[in-house]
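Here chain A shows up in two complexes: once beside chain B, once beside chain C.
Our next item is the complex of A and B:
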């Protein structure tokens, strides 16, 4: 909640400071992206996977962090984008990367609309259960429709053509990584604008006090549903990116585990802030890569301990805690 | 006819096992308002302890069950003291994260201690065979599971409706602050019901080991099922939970028999329909 206070303070500050802040953030993403490119030239596939997951986590942040809807089924939107992009390429020969991304975004939006319509029917625990049921339903449906999705073998035969007719998707994943970074930047800038728009404010209002928002004359349900569709677009783009970079789509992209893990990443970074989503994704997936190489079960214990620690000691997440600290230091100086 | 009969028996047994495990979750959720995703993990601990006691220590089935229940409660008490206590009254998301964290830890530790293999709990001879009803025979173990479920339901009904403790419990569920003001020591009520809930989970884990096999991912695999049962039944309601278990057990078992290639598709479809039709559960008290 305190993260939201920081946010509100920032929103109340002069507009110029906002723009400077955004520019610094964007510059930071570019710099970190370039450093990653030169530091891990043999591990670009992992970095691309991190970017795709970051899009999913950003998408969860829109509904959980900004609207207060707790969901454990958000991978449905990501998986819908991944499968749609994959099927477009493998069955219909639509292999232009930009078109595939568009198809993924559209499919994500549709999945967002469908799951939003279901999940937003309830509140609290029933809502959580509905979101879990939705992800399992998507999973079983994809498993059953194996002539389309490849079932448990995964969907293969995805072959994106050269990006803009110039850049081939090479074995090292350079094109995929740079394309992913560009997508992330565009999405991030648009989302920055979105969360500061009147609509973004309304969404935050819904999280704080839905009753008051409806008393003001706005429709809570429609705000939430629109946000769900937008978050579907974001997650769908992430799914399409992962389909293009790995050239295979598995059932794990529609799994409960992915939903839960991405929620964990969001909370680790800090809900209600776009930077928090990015920080959480990068630190979680880097940590996972290091630890799970040693032993997958120790990995699970570590994630559990990490979660407990975050809940107990840093409920605002890494970014939220750091931001609050900076704020306090600034306050001390003034 | 044969199929209908075996579906009915399996559905009833499965539903009863679900009931024994998830009724504790339902009570704690109704009482303490904690979304406890780690409940399945305690059932799993019960299964592991019983398996260890029966196979490695060579104890009898009854002793293994008792040891499992007692052991799981002993393990759960410090966890409740140190971790759960801090998230009472916290937002749902916080509770979900904390309890998923606990689940992950328990899975990791169980796998480290007991290994990734499936654990069996050897049944005594009396439960092993099948009972001939004249026209059909039923596996004795299924009957045992069904009886366990009925006994638990009856005992809980008696405890909650007919005893002084039950009155305090119901008062605390309805309005904890008012109950405390009237002299009910809600702390003790909470602790006792938590222990009973965990004990029942362990009992269900052991009795249901034939239907829900004990392995490290047990906690994650059935976590959703237990949560769904509570949500469908309505947190804090025994008849609701019983009804939900029988209904969901029947849907799941029928789906498995008649359309196995669809997996759990129909189960989750039914869950969505029920939750949308009854957002407060079939007999819910949850706000």
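Our next item is the complex of A and C:
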């Protein structure tokens, strides 16, 4: 009896808790961003790369974590954004950072639509294989179209103009970093709205039981395809950021390796939560950076060991496991 | 009069095994029909054929005057043909409230909205609460489905179907797996179904069938062997034979 009363009383709380949760998340990103800025002033390029990758990992989370589509080809969406923004600047003189970001987002959306149309034809293992085929096709296409993309030499000549006409992309990468942080914040806030919206709930339903979703009259394919396009926008923005900050785009941005690594980052942090994607990216890339500096020969072994440890002992990922622990502690107290 | 729902000469075989043999039936608004038959008779397959989850080898399915045989499952749902599952299919990480909100939003064409939250839509919340209340699930509305008892999950299956406001409802063993002590709650829920809804219920519990149905169809090895009143079904020789013996077995099969 007492238990059921508490449940009923708690009924109004989730909404408020959600909003507080979002505010805490936003504050955390800002604070960590500022700390990073002052702690690693000579390493802002790395931090910006982490942000760009975080956008890719968030984008994978949308289709994998929220919709249950496993993919090893998601860098196609990121690379499309990077190349499109780079080509816009290098070949067409579209060098305004905001416009380049927009071009990247659009190209990501188109790449999302194309790979979604291909990948979503299959399920399970064949789907995973299709996703690998997609990234290889994108990679090969970029390699062959070398007059546009620079092929294996990479695309250079990218020269973003001053942000808002005020802030030049400086040698230390300050502008790129702060712009990246702002993009990440905006994307994060919008995605939080998205995953809590009716559409976000529909997507979670698709992940849990597609047959049940169609028994409710909703189209699973249409949900997945829409999510793929949104995911493309997010990854495309990440790609554009990467193009602007490094001012080159290489074939590695369109590679199977990047696809697989970013999926690993997601699993490391925890799928199905936006925080998981961020935590996974930051911990993986930070760990990679530290370990590869300390031991250039065995760092991959260490990364492998970390992954095995997480999968075995914290199968929900770093963030997922921590969140579950906090939940349990709270539950114990109440 | 054109019936609300009609199936003509439906056939389906898996490999060489004919699982649905020339099955025809129709339903009018307000009908309460029980579809019974021994295990493996083809009852669930029949539902799958009718809802579009399986393609028949031949035959037609008509709903509200339209031939829907070639329509896919979700189009049929949108036309008012809704089913429940023999083994509960729910979103185990979501709450009963979220289930019903999703169903209501979907029915209203709002499930694709990318901003806003259903909690802030009074028209959705009111209906969700009404349905939860109707089925006695209000207290559980914020628990994850995997944390609630199976009997309550079965009730949520029915609630979910109701939230879609069907014209024709196909219930595949709504009381399956529910302990005897809790079947009364399922029965109460069945009593509360809208009177003008056409309901076809598959059920092994003959007591439940007798109380619920005004008409019974018996399926054996994919063929309709009886179509008539609940009073006559136990007297029918072929039905007894299909169940390998007496009605006593039919009752205990539940």
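To be clear about the criterion, the second predicted complex is superposed on the first by the 317 of 334 C-alpha atoms of A that agree within 3 Å, B and C clash if a C-alpha of one lies under 4 Å from a C-alpha of the other, contacts with A are read in each partner's own complex, and residues count from 1 in each chain.
Everything that follows uses one rule, which is that a residue touches a chain if its C-beta (ideal position, glycine included) is under 8 Å from a C-beta of that chain, and two chains touch if they have at least 3 such contacts.
These figures come from a predicted structure and were not determined experimentally.
Undergrad: In the superposed arrangement, which partner chain does A:226 touch: chain B (first), chain C (second), both, or neither?
TA: Second partner only, chain C.
Undergrad: Looking at the overlay, does A:202 come into contact with chain B only (first), chain C only (second), both, or neither?
TA: Second partner only.
Undergrad: Just chain B (first), just chain C (second), both, or neither: which does A:132 touch?
TA: In the superposition, A:132 contacts chain B only.
Undergrad: Which partner, chain B or chain C, touches the larger number of chain A residues?
TA: B
Undergrad: For A:305, select first, second, both or neither according to whether it touches chain B, chain C, the two together, or no partner.
TA: Only chain B; A:305 stays clear of chain C.
Undergrad: Mind working out whether A:212 is in touch with chain B, chain C, both or neither, as first, second, both or neither?
TA: second
Undergrad: In the superposed view, which residues of chain A touch chain B and also chain C?
TA: none
Undergrad: For chain B, which residues count as touching chain A in their complex?
TA: Touching chain A: residues 29, 35, 83, 86-87, 92-94, 96-98, 100-109, 111-112, 116, 216, 220, 224, 227-228, 230-232, 235, 261-265, 268-269, 271-272, 275-276, 279-281, 286-287 of chain B.
Undergrad: Looking at the complex, which residues from chain A come into contact with chain B?
TA: That would be residues 64, 70, 72, 118, 121-126, 128-130, 132-134, 136-137, 140-141, 143-144, 256-257, 260, 263-264, 267, 271, 297-308, 310-312, 315 of chain A.
Undergrad: If you look only at chain C, which of its residues touch chain A in the complex?
TA: 51, 53, 72-74, 77-78, 82-83, 85, 89-94, 98, 101-103, 105-107, 110-120, 139-143, 160, 164
Undergrad: Any idea which chain A residues touch chain C in the complex?
TA: Of all residues in chain A, those touching chain C are 4, 7-8, 10-11, 14-15, 193-194, 196-202, 204-205, 208-209, 211-212, 214-219, 226.
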